[in-house]
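Have a look at this one before I ask anything.
Labels A, B, C and D are assigned to the chains in the order they are written; within every chain, residues are numbered from 1.
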Amino acid sequence: MSQTYDPRRTAVLLVDPYNDFLSDGGKIWPRLKPVAQEVGLLEHLRSVIASARETGVQVMFVPHRRWEQGDYETWDHPNPTQRAIMERHSFARGTWGGEFHPDFRPRPGEVVVQEHWAQSGFANTDLDFQLKQHGITHVVLVGLLANTCIESTGRYAMELGYHVTLVRDATAAFVPEMMHAAHELNGPTYAHAITTTGELTAAFKGAHA
Amino acid sequence: MSQTYDPRRTAVLLVDPYNDFLSDGGKIWPRLKPVAQEVGLLEHLRSVIASARETGVQVMFVPHRRWEQGDYETWDHPNPTQRAIMERHSFARGTWGGEFHPDFRPRPGEVVVQEHWAQSGFANTDLDFQLKQHGITHVVLVGLLANTCIESTGRYAMELGYHVTLVRDATAAFVPEMMHAAHELNGPTYAHAITTTGELTAAFKGAHA
Amino acid sequence: MSQTYDPRRTAVLLVDPYNDFLSDGGKIWPRLKPVAQEVGLLEHLRSVIASARETGVQVMFVPHRRWEQGDYETWDHPNPTQRAIMERHSFARGTWGGEFHPDFRPRPGEVVVQEHWAQSGFANTDLDFQLKQHGITHVVLVGLLANTCIESTGRYAMELGYHVTLVRDATAAFVPEMMHAAHELNGPTYAHAITTTGELTAAFKGAHA
Amino acid sequence: MSQTYDPRRTAVLLVDPYNDFLSDGGKIWPRLKPVAQEVGLLEHLRSVIASARETGVQVMFVPHRRWEQGDYETWDHPNPTQRAIMERHSFARGTWGGEFHPDFRPRPGEVVVQEHWAQSGFANTDLDFQLKQHGITHVVLVGLLANTCIESTGRYAMELGYHVTLVRDATAAFVPEMMHAAHELNGPTYAHAITTTGELTAAFKGAHA
């Protein structure tokens, strides 16, 4: 990969690293697990985050709304995912499932943006503003799910003027064809780079050296 | 006032009703107090909120960021107000000053939108989204300050396509000429109606009757 | 389909109905043609637009940026599609390819929103504002391409608080698996309804009757 | 002024430099003329633009909607300024009044953003996107009017994360107290710098040297 990253201008956006998504016993982990294990998701997320921190690339946490009692009940038209969350209480606030996985917790000074209600980490949050106040022009998206929150956050990032990198093996989805759609069908139309953890961390290191 | 309000389409946006702004002992109350008492701010806020609740107009809370340790310190260029907040810790989270005034607390089912970092209740928050999911097309702005958060929220609301009403005596500012600027110089260029608490509550009642 | 549409609150968003996309001789038509013919794209677009106009549903035109000399040349990072457009000059302003297909031209009073630079008809345009000023809460997306501009416009519409309907046979894509991704993998996560032209026009008629 | 400007990161936003605003014979010039002459508006605009071009600071044109027949007629609630424009046809497309003043015309490669419907050059346009694609983090606002389009564009710029500079004598308003409100009452709450043409052009030159 010829893509390079200026660490002062780059942020890794870690999307929805909740126990419910990433940990044994999490509500949604069983649906992800086959693809996650196939791509080596946890290992690669650890590698991307460690590499970013070592090389001075900023890490920002982009969390989904933690479910609370009453959520969506007064809304005119919650979307299908939100209607499902009303049943299964994903990422419930105050519960273990709604905590970040122990390996993916913010360090002092790392930005945790406001929670997003749906798929895009930019929509109805302060993510664009925080990126600007931290001098970021290039975003690298990792976390979950490849074809929902990661893809919508990436599509928004491109529309907002950011340079967007997807990482094939630092995300997952419910079925392999969703990964294929995200990285082979849709990603190539909007993302500036689609890479792997190995290539990305080498590029971070190269920029840093 | 000939303006009418369909209660199913109207929301009162109550901006920043914190003890620090509205209560004896609040950090900023002394600076507001002369104008607030001159216009009858507290009495009129109570009247607007009570009237909205009685007539089925929705009340939404639009809170400023509650100050936390570390706020703004990593930002490239906090604005002058944010730099002042770094000194005086306005609306500090977990303190009495950062609680809503006891007369202005959300009831079950009332929407509290995400905290805004600066002046506009729409910027970097879910306010526009919440208004849409609740069917709102007309917003009535009350709270503080007339020429900062109320004005920026109103300017944004107009740009976003909402019908905007300002209420002269249900807001305040540090000096009378700021009130004059908000209601006589700038408001008439963007707001669809500029009214008083008496006229507004009569209109709410009329629509409801 | 049980979904109903209030014609005063519904708009059909017709995305990118250019000769380059839809007409024999258009620059991109050959890549679309197999899927377009398979689903009956042109016939169904005609049917949706005619039905909307008959039943009082608003039609809004959501056009892609017409290419002009110099486009993207000073940008820091055009996306892959924009880099392709720099080569092939899709929808060039002042040319036949950049005109709307003769069957899909705005009538007096129909809104033509500002041109979008990338995929989402909302991004960097007045679409959200125009929808609000016309009282629209429900949008129906037709036009091109299913997995790029239609999908990004739909994802944005949901995030902005609109009710979103996709129409399987009033859109097209370069290959069938992109249609599958749009309507079977991704659409069901964010869209409130995924329907067909036949069901949609029946629902329009029902609401109108 | 201690403020410095990196020319690669700074843009001068020239707002609404129409003949109707700036030229003898323009529809709105008579209302501006006293304040404009008092501050030396035309001379200072020329000086700011010339200095930016000499020192490599980008100039972007931020134009108001040029009035067209039918404008606002189908809208639910045009704002008071838009209702006035329906009468007086300010900046009418295809007329001299809707052309840029001859001294303020874009040079090849300078960005002209989409027209704004109301006051903020960011609202419903591609201004934020264009700034990002050109690497801009600092904006300097000049043009008209101080308390409407300049102020709303400045308030938006701050909320969007930009560093904002106002220039007291490179703008104007209908009456002096509107200038006072813009620069003494409101500007100091949101703008990062409030300066004069002389100080600004010295800072541009200093950064360039």
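Simple rule for what comes next: contacts are C-beta pairs under 8 Å (C-beta built on N, C-alpha and C of every residue); 3 or more make two chains touch, one makes a residue touch a chain.
Quick caveat: nothing in here was measured; it's all calculated off a predicted structure.
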Intersection of contact partners for chain A and chain D: B, C
Chain whose average C-alpha position is farthest from chain A's own: D
More contacts between chains, B-D or C-D: B-D
Chain B-chain C separation of Cα centroids, rounded to whole Å: 38
Mean-CA-position distance for chain D and chain B (Å): 28
Where chain C and chain D are represented by their mean Cα positions, the distance between them in whole Å: 34
Chain C residues counted as touching two or more neighbouring chains: 76-77, 117, 123-124, 128-129, 132-133, 135, 137, 159-160
Residues of chain C that touch chain D when the two form their complex: 70, 74-78, 108-109, 111, 114, 117, 123-126, 128-129, 132-135
Partner chain A, residues of chain C touching it in the complex: 76-77, 79-81, 117-120, 123-124, 137, 147-148, 151-152, 155-156, 158-160, 163-164, 177-178, 181, 185-186, 188-192
Touching residues on chain D, where the partner in the complex is chain A: 128-133, 135, 137, 159-162
